[in-house]
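In what comes next, chain A is part of two complexes: it sits with chain B in the first one and with chain C in the second one.
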Partner chain A sequence: MTISPDDLVRIARLAELDIAEADLRRLAGELEGIVSYVGQLTSLASADPPAAGDPVGVVLREDRVDPIPLDRAPADFAPEFQDRFFLVPRLPAMDGG
Partner chain B sequence: MTAWETVIGLEVHVQLATRSKLFCGCAATFGADPNRNVCPVCLGLPGALPVPNAVAVRLGARAALALGSTVHPVSVFARKNYFYPDLPKGYQISQFDRPLATGGEVRCESPDRGLVAIGVTRLHLEEDAGKLIHDWVPGRTAIDLNRAGVPLAEIVSEPDLRSPTEARAYLGVLKQVLVYTGVSECSMEKGSLRVDANISLRRPGGPLGTKTELKNMNSFANVERALEIERERQRTILDGGGRVEQVTLLFNADAGTVRPMRGKEESHDYRYFPDPDLPPVVLSRAWIDAARAELPELPEAKRSRFQSAHGLSPYDATVLSAERPVADYFEAVVRAGADPKTAANWVMGESMPGYNEVGAFAVSAVRLAGLIGLVKDGTVSHPAAKRVFGELGAGDEAPHAVATRLGLVQVRDDAQLGAWVTQVIAEHPAEVERFRTGEPKLLAFLVGQVMKKSRGKADPKAVSERLLTHLEAS
Partner chain C sequence: MTIAAEALAVAERLERSASLNAVLAWSRPALEAEALRVSRIGSDGPLAGMPVAIKDNIVTTDLPTTCASRILEGYRSPYDATVIERLRLAGGLVACKTNLDEFAMGSSTEHSAFGRVRHPLDPDRVPGGSSGGSAALVAAGVVPAALGSETGGSVRQPAAFCGVVGVKPSYGRVSRFGLVAFGSSLDCVSVFGRTVSDAARVLAAIAGHDPRDATSRPAPPVQVPVPRADLRGLTFGLPTEYFPPDLDPGVRAGVDRAVALVQALGGTVRPVSLPHTRYAVPTYYVLAPAEAAANLARYDGVRYGVRRGAGLDLRSVYRATRGQGFGREVQRRILVGTYVLSAGYYDAYYAKAQAARVRITADFEAAFLTGVDALLTPTTPTPAFRAGAKMADPVQMYLADIFVSAVSLAGLPALSLPAGRSEGLPIGLQIIAPSFEEDRMLSIAATLEPHLSATAEVR
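For the complex of A and B:
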């Protein structure tokens, strides 16, 4: 699979990453290397998947208020926390909503 | 000017009435301190695993069944990936290509087309995102994640609606069904119901036009308004030979305008894929049947039964079946022995104002039936019974006891009535004469005089009969 600089720009944008023009070609090559490395898996012989019977469903939990306690208070692990709110830089893209 | 046909579809998100969130044990209640209802799962902390809430699945299925949708034995939770600060995990757990349910319809009354069936495309489960407050701290966005992970059902309609008014009617019926079935509180104020609308115009029968999406409406009335405004905007563009651009628009209720969201958010590529942390939701035939059996009688069925079984007018049946507590109360009054039509009048005229104010009935159904019985057997007059009703709410005294205490039990004592009648005839010779010479309306005046003498305690029917006997005899 080939990854063009254009593909890379699009992937970076979806990941909200800013990538310098100068790095595009190098990163596209590296990403292509990663993808083809993973792609080797398809060349492995594998046993047939188990015959489709009734699928095993997810186990549902009872509707009980029983939260897993936080080890540390939010203020301790949030980069910014004020009056019980997490704070992040305001992005221009947020003007919409 | 050529006519355009309006095509509208709605996406409605309702909060499922669970105690806890969709994938964790945090409380799903509204109004807690910010970031109080959070845990490693809904904060998206590394290593935390989601476990779906059985009641959320059941309520979603119940909603689907109430709408006549097909609940699928296998549905799949998927990750909808996007970066936004209200989404701690970087993705929302939703359902994509295998939703909980598909198909179904909402029947509502269109002002132009009569009863219309609006198709339901799908109903799926998903978690809500957090709440953002911009510029509360300058240059910062504040995040409250109490809502993150709250269970929602998204109900998508087919583009079957043809006017903003129909859209509002659809929402009214949908909300009624969801409240009736206990699926959701459906309160737009509390954020437990949200509506996004798609609208486009086309030549009647022609291909669909380019649609725009409307967001940020905070009431059904504003959904209708926003759609009207956007319909006008599109019509003006098309009539001028222009083209409608596919955009998401935010409604501003104060200004009565719609304005586009910033373009960047438009080109979403959500890269859906099945959530590897969550095996499929598998529901057995028996489970689905049990969910169906749990359904209460729905408003539409109740409305027609109130007409056929209780002989109510369509209007009365509609009012009394609109809310389940009212319908149950009305039927309890009837079960306690009241005539259905009389019970309907009392419930609508006397009980409902109080119910609408405080959300509960002050006078129990049995006591109201007792009071209706007192009017029927002539113990109290209708106006007196209304006064008794006012008193009933305050305590648990029996209706008859209240009527006696207030001195409202009607005098049906023949001798007493006879005495009042004789006095009134003697005191008003002129009116008596006019009645006798052909002015029957004077009877009402004379009845009124007797009622006055009795201080309202006489039974007006008995008075009238007695007066007639006297006037004709002498």
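For the complex of A and C:
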């Protein structure tokens, strides 16, 4: 499996990560090394379905949302907060872009 | 000693150990406030003033929680983790927040955004990771116990490197509420102790079902172990796959000596096979990054943490924040996780890894079904390595976890016990028990501990 700098740009876009141009080649090489190492799993015969987890012993709480009491308000830890809302920049599409 | 005096003594030890770079946050006023609070709510609890260091991926309201990442620099949680609440109720004292590999991703604590942690016995070496700060503080005698977290060996491996006890409980034994999520099907709050008893006391205090974590399970409380007179009636399995020809000779000598001790104490020892062991590290490095890619999507500069890309549109803010906020190893893992989950590759990697996890778990179950009470293995393939030795090759770093990752995939309890030294560096013996058999595991460890002369040279 080869991973080119172009492949890396595509994956980074899916992951919402800016990668500096200067790092593309190094990161693509590292990713290729990791993916080829984990690729030894392909020699395992498929078949077994993945475990669904152990339903015995899982204790579900009542299906109700109780807010967790907070020691400090969101305005204290949010980058931008106003009138009970987290402020975010505009999506490009909303500018017609 | 009163709790206030204990807090003062911890402050002095923290100051003296600053060169380890093991601590990310502490202050005298915070320690004094903590001592006051604990003396009000739990001064006569089972931990009675025991200072406990906390890995900085467990949230606390009084001290910042950064996960050793620039993206959370200065962040203060609006709530405390369940384990913090339980620690205080038992009389424990939150001493400080400890350094780690960023978001617990690493095996040497060199991937911290705030500098590497030094090994207490040799500053040129690593303490292991990712809970390296907690391990180093216990080894240096600053605190008798510390909380770490495990996703794939992040407490047992540094415990072995630093010569302290490291206990990973069964998945579901301890609440994950307030442990910053990395690989949610694997993450476990875990414990370091100077002794088996110290670690067991802390584990007993924090364990138990929590309605705020649906994966935590009701179970009888963990008992602080009483050493047995001998190990008669117990059968120990030695998995052949954990003793490869290239195992470090010092590690082999340390584990051989411990196995001879088990036999001298009347335990039966026999070889067993865990045939899918060789798939454990590759399976881990598909599943953990896949879960990390999903869990770390929340760091986008909107609700908390650092925001980068002022004046840009929303997607550009996400990308700038994450591109500048995450360090190299975290970026690599997010990219690997995104890749193995992406269309066209999911079946080849993620589905295969899920199937491998089932087989790895079945190997352990089969071994225990043959009448084996616990498994004995080396915790690590080598003693602590030199700083920088594995930074250029991520896969070489991943292989430092070769004997610890299978246990995490299977959700089992396991413990690393100091088993002597080779050329001055600690060796760890790993004891693995069936799911929710912590009491058996701790009792075996407490029985071996006084006989193992942890600081003796083994060859």
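Quick note on the criterion: the second predicted complex is superposed on the first by the 57 of 97 C-alpha atoms of A that agree within 3 Å, B and C clash if a C-alpha of one lies under 4 Å from a C-alpha of the other, contacts with A are read in each partner's own complex, and residues count from 1 in each chain.
Rule of thumb we're sticking to: a contact is a pair of C-beta atoms (placed from the backbone, for glycine too) under 8 Å apart; a residue touches a chain by one contact, two chains touch by 3 or more.
For clarity, every value in this text was computed on a predicted model and none was experimentally measured.
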- Could you tell me if A:76 is touching chain B, chain C, both of them or neither one (first, second, both, neither)? second
- So, does A:84 touch the first partner chain B, the second partner chain C, both, or neither? first
- Task: Classify the contacts of A:67 with the two partner chains as first (chain B alone), second (chain C alone), both, or neither.
- Result: first
- Item | Most chain A residues touched (candidates chain B, chain C) | C
- Message: By the touch definition at the top of the document, which applies to A:16: first (chain B), second (chain C), both, or neither?
- Response: both
- Query: Should A:27 be classified as contacting the first partner (chain B), the second (chain C), both, or neither?
  - Reply: second
- Classify the contacts of A:42 with the two partner chains as first (chain B alone), second (chain C alone), both, or neither. second
- Message: Touch test for A:8: chain B only (first), chain C only (second), both, or neither?
- Response: second
- Overlap of chain C and chain B interfaces on chain A (superposed complexes): 14-16, 57-61, 68-70, 74, 80, 86, 88-92, 95, 97
- What part of chain A is in contact with chain B in the complex they form? 10, 14-16, 54-70, 74, 80, 82-97
- Item | In the complex with chain A, residue positions of chain C that touch it | 61, 75-80, 172, 209, 211-212, 214-218, 278-279, 282-283, 285-286, 293, 297, 300-307, 309, 311-320, 322-324, 326, 331-332, 334-340, 342, 348-349, 351-359, 361, 393-395, 398
- Item | Residues on chain A engaged by chain C in the complex (per definition of touch) | 3, 8, 11-12, 14-20, 27, 30-31, 33-35, 37-42, 44, 46-51, 57-61, 68-74, 76-80, 86, 88-92, 95, 97
- Tell me, which parts of chain B touch chain A in their complex? 18-20, 24-27, 33-41, 43, 48, 51-57, 74, 77, 81, 83, 85, 132-137, 139-145, 215-216, 248, 250, 261-262, 264-265, 269, 271, 278-283
